[in-house]
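Letters are used for the chains, namely A, B, C and D, taken in the order the chains are written, and counting of residues starts over at 1 for each.
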Amino acid sequence: MAVTKPDAKDEAGLDAGTLRELYRNMLRSRLLDERMWVLNRQGRAPFWISGMGHEAVQVAFGMNLRPGYDWIAPYYRDLALTLVLGMTPKDHLLSVLARADDPNSGGRQMPAHYGCHRLNIISTGSPVGTQLLHAAGLALASRMRGEDAVAFTSIGEGGTSEGDFHEALNFAATHRLAVLFVVENNGYAISVPWEKQMPTPDVADRATAYGIPGVVVDGGDAMACYRVAREATERARRGEGPTLVEAKVLRLTSHSSDDDQRRYRSLEVLEEEKQRDGVLRFRAQLEELGVLKPGDAEEMRAELVRELDRALDEAEAAPQPDPDTVLRHVYAEDR
Amino acid sequence: MAVTKPDAKDEAGLDAGTLRELYRNMLRSRLLDERMWVLNRQGRAPFWISGMGHEAVQVAFGMNLRPGYDWIAPYYRDLALTLVLGMTPKDHLLSVLARADDPNSGGRQMPAHYGCHRLNIISTGSPVGTQLLHAAGLALASRMRGEDAVAFTSIGEGGTSEGDFHEALNFAATHRLAVLFVVENNGYAISVPWEKQMPTPDVADRATAYGIPGVVVDGGDAMACYRVAREATERARRGEGPTLVEAKVLRLTSHSSDDDQRRYRSLEVLEEEKQRDGVLRFRAQLEELGVLKPGDAEEMRAELVRELDRALDEAEAAPQPDPDTVLRHVYAEDR
Amino acid sequence: MAQKTYLEAIRDGIREEMERDERVMILGEDVGAKGGVFGVTDGLQKQFGEWRVLDSPLAESCIVGVAIGAALNGMRPIAEIQFQDFIMPAVDQIISEAAKMRYRSNGDWGVPMVVRAPFGGGVHGALYHSQSIEAIFCHIPGLRVVVPSSPYDAKGMIIGALRDPDPVLYFEHKRAYRAIKGEVPDGEYTVPLDTANVVRSGDDIAVFTYGMMVHTALEAAERIAADGFECEVIDLRALRPLDRGAIVSSARKCGKVLVLQEANLAVSVASEVSAIIAEECFEHLDAPVMRLGGPEIPAMPYAPPLEHAYLITAEKVDKALRELAAY
Amino acid sequence: MAQKTYLEAIRDGIREEMERDERVMILGEDVGAKGGVFGVTDGLQKQFGEWRVLDSPLAESCIVGVAIGAALNGMRPIAEIQFQDFIMPAVDQIISEAAKMRYRSNGDWGVPMVVRAPFGGGVHGALYHSQSIEAIFCHIPGLRVVVPSSPYDAKGMIIGALRDPDPVLYFEHKRAYRAIKGEVPDGEYTVPLDTANVVRSGDDIAVFTYGMMVHTALEAAERIAADGFECEVIDLRALRPLDRGAIVSSARKCGKVLVLQEANLAVSVASEVSAIIAEECFEHLDAPVMRLGGPEIPAMPYAPPLEHAYLITAEKVDKALRELAAY
């Protein structure tokens, strides 16, 4: 099915169903993310670290990946990505409440340390940057078995200062491995602005160093993100090697629930960024395109909020980890 | 004084004295280096790692640096550089024979681990790549004190795969520090050819990633090296930031005295590289220019061999370290 | 004398030393406008400018490697690592470079650098914001490792560290930052980097410990004192080199020993203290040397029941002490 | 059974396991055409191709990080580090990632990877080609650390390591490669990764050691046997986890103990062995637990007189044993 208004600016050539799904995925993540903050502010969850403002590029890649076949080495802002791939709001509520059935880590790690074996989402730790090398190794193994699986990995622009960034790009490019390196550049590493982290504003410039394509995309433009994600994924799947994608995104919240960005960013800028929120922008675009009819967005939201309420009830009813399990899983139990 | 034949291809606009000095420095290093191999093959020195084929770029930079004012974080092939700056053949013979008076390390480190406090040559260890960050720190300190000293650092192309390479370039470029990053690309990391180390043949490509100039120079062309060294050094001294210089050099020997490159390189290529030796090329060039008159080169060599013989006699007469000193200098003795 | 928190004492020490010595500078993630994630460097960038309090890129090898270079060229840098857990990318620069610079140059070059990092758990920090990983550095000749437990020591030891000609790892227990208060003199003073400190005298059981566990040990010691057992609590403070003399003398005096730490036990500071006592106090011991430390799991989990299962509480220490007393 | 060198035994184990299991691969510097700087992987690239024996870039974090990723995706990689001294850039990937993957994922993900590296001195390798730095990994829950001392164990343990579901650090003493020969069975067998091995029985003094020091200990034991003292020599083999049962039983039996290693002593494997004995053998000891190890200097210097001053020779061990015997 073609887009309802093919003369409108749908550069990605996407059908209405895909566009709606893109929007729904973004909204679903946003609503869950907002709920996490509420839980934190209510004192029911000691910590949250948000993906608000980063959703579009994650959803775009998520919709182009094959869940359970492709490999994912994400970072802590990738809430939206994990939902697209098949994790559920309940999964993450179990995590933020540190319950035993949290599929990410059984309540062992801080929230937003994603992992799900069933979906080939490898377990994420806190050290920034290490996951990029894991992605190269994941892709190497697929390649050695002759599979066309791709490995997606993501990182903030701050994390690209770590040596592992260079080592991973260098290795993946040398062997033309199917790795999607996605940098979610929100301009800050906690309080440090990009100018103090790196000499040029665009991380994508570094692709030249590795002889691979580097793409900058507006991370608030869902359709552009989708197009870039599709191209990079197809390229990797065809065996043509890695792509470095840099999405310029907004960090619509403080770094985490432990941070207060008003200490180091001006209120005007923060206000202005709210206006550029990709979720709002995309809704307006879809309404203009007629993909969303009047009332559609509200209905979608209401349905998603119902899902969320149910998930929260279930998560809160779930048991905490048994203290006796603290010693388990240091080494394999079935050796 | 202008070059004797100003119409000849002296692109660097160098006077005859400078050109002779360039050649003499290269030859001096080469002769010492050859002697080291002889000592090793005679069983008098258990280890040597050579700079043969790398001399021109080192001498070119050495002659543009201010000994004892600028800072040097070298690597193990930088024999020629250290000689230009003021270390002596005897210094390094003391090191290869592991004598107590070795100024590099008092016989504690393997030979070719350079260091000389008087000349601001910091002590070099074996771990590849760490020195690049030291150079950034050396330059940072000079900058904070408002001095126009520059920091020179070098590395093989293999070492540029380490994370520290990226972290150092990134930091130095972000703060426009006066660092000269010199990559001596001989195409091999021990036995691993560049194609297995990196995706593109030119390390200098990576300068784009950091928004700084990247320069490729034929490391067998002494005059070209001189020009590049002068430009990069002046640029750094003017406060315009780092330059990434890549010299394409030849490794005219096995990796070290413990290696046999015939295991992994073809004899034809090895033969062919000998013909491209920069020391031979430069001599021919200077003779053509008339800078070296018939007999000059032989005379120079004879004088340098006499220096070398004397140095070796002195070094061999020097005492070994006293075993009782083994526990010294773990911590400062004058705290 | 003013009453200060542990955190304020560290900051005071740094600030005063920066005022006295132009060579002192700070390099680390978020140390500037934010003042560090815990606020230790709050206000320092404003006072000393952007160069001397420099927000680094997110790259720990860079932080330490640049600090080494700056130290070689006359500065006295503090390399701040945001959490001790994230010191790992800098291990090569610390162990291969800083620790060996003086030895390998036959005394010609030294690295007067301080690496600061918060460690320890009990703050819902989970696996990567709770670790106590100091042991790996305590194995390395050429390094000094210190852990103050009181505001007094915190200030005196940071000044001492900044004046030391060799690399010093200065680890701060993050739970102590605001929880521990004490008297801190104004102006300059130093606390040596190689002596332990007897914080409670007694002659029944010697308890060797450091960091927040000093306070836990004191609490447990008071409990058991009610039953007539007097513990000597020794704050090791200097983890490398250890104060062998102080360890041997308290162990001999008491004859019974508990070595206590939050860190994992295997191949740790507690192992070394225990080994020293086994070597030197054979004829003075009345019971096996007992160790109490973190369970053998990678680090503290997030969920409160699991985190609590890891933590060493005064109850657990009390129980261990009573076992020893009964031996 | 054939007589093989330690090096051949390692290579045989790897080759056979690669023939049996397609998932086994090698990633490291110079492992291909050159066969590694010591020749351990000689011929393997020819047999198994360039992917399964992959020359890596000069980047240790890359080697281990990529191996972790490959292990998560079904492979059984060997990450070869050229010298143990150069493992430092990979410490973050080993300690923060490989060691914690299973625990942090609540058992969902494991890292069946083997990190191999040559260690030890006495080969004129100077500060960075002589180190014995295994202690820092022995502190880390989630890792296994093994050091074979005989060709038999070398083969059996490399096969065992490759079949283990968790990350194993397999350290090879570089002086053993060609110097140590012994019987090695053809075909597959495994040696457990968590048991010590009594290589000489005796009941006067128990000597706990590993690596090349096993051979030095045996030599010293023969000397002192001439004077009627029978040493029990225990090759620890498994450094993490240690075989607590074997340690306690030999220590109790002999009543006198020497813990011997080439590595620096402070906060080391020797400290832990000593601490275990102090904990569990109090009532059985007839002398202080003695430790003998490398002096407290960063590493072995290059000049022969200095290198020799570091090395632990049979004479030094003999002297220590006689001191203990006389106690």
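Following the convention adopted for this analysis, a contact is a pair of C-beta atoms (placed from the backbone, for glycine too) under 8 Å apart; a residue touches a chain by one contact, two chains touch by 3 or more.
Please read these numbers as outputs of a predicted model, since none were measured by experiment.
Of all chains, the one whose mean C-alpha position sits at the greatest distance from that of subunit C is B.
Within the list A-C, B-C or B-D, A-D finds its counterpart interface, over half of the contact pairs alike by residue number, in B-C. Mean C-alpha positions place subunit C and subunit D at a centre distance of 30 Å. We define each chain's centre as the mean of its Cα atoms; on that basis subunit A and subunit C are separated by 37 Å. Centre-to-centre spacing of subunit B and subunit C amounts to 42 Å, using the average Cα coordinate of each chain. Contacts with at least two other chains are made by residues 105-106, 108-109, 113, 125, 127, 161-164, 167, 170, 174, 196-198, 330 of subunit A. Subunit C has residues 56-57, 59, 61-62, 85, 88-89, 92, 96, 100, 103-104, 127-128, 141-142, 296-298 in contact with two or more other chains. In the complex of the two chains, the subunit B residues touching subunit D come out as 46-47, 98-100, 105-110, 113, 125-129, 158-159, 161-164, 189-192, 196-198, 258-259, 263-264, 320-327, 330.
For subunit D in complex with subunit B, the residues that touch the partner chain are 29-30, 32-34, 37, 55-62, 85-86, 88-89, 124-129, 295-298, 301-306, 308-310. Subunit A meets subunit B in the complex at residues 161-167, 170, 173-174, 176, 195-200, 205-206, 208-212.
Interface of subunit D with subunit C (complex): residues 61, 85, 88-89, 91-92, 95-96, 99-100, 103-104, 127-128, 133, 135-136, 138-142, 240-242, 264, 266-272, 274-275, 277-282, 285, 287-291, 296-299.
By the touch criterion stated above, subunit C contacts subunit B in their complex at residues 25, 51-52, 56-57, 59, 61-62, 64-75, 77, 89, 92-93, 96-97, 100-110, 141-142, 144, 164-166.
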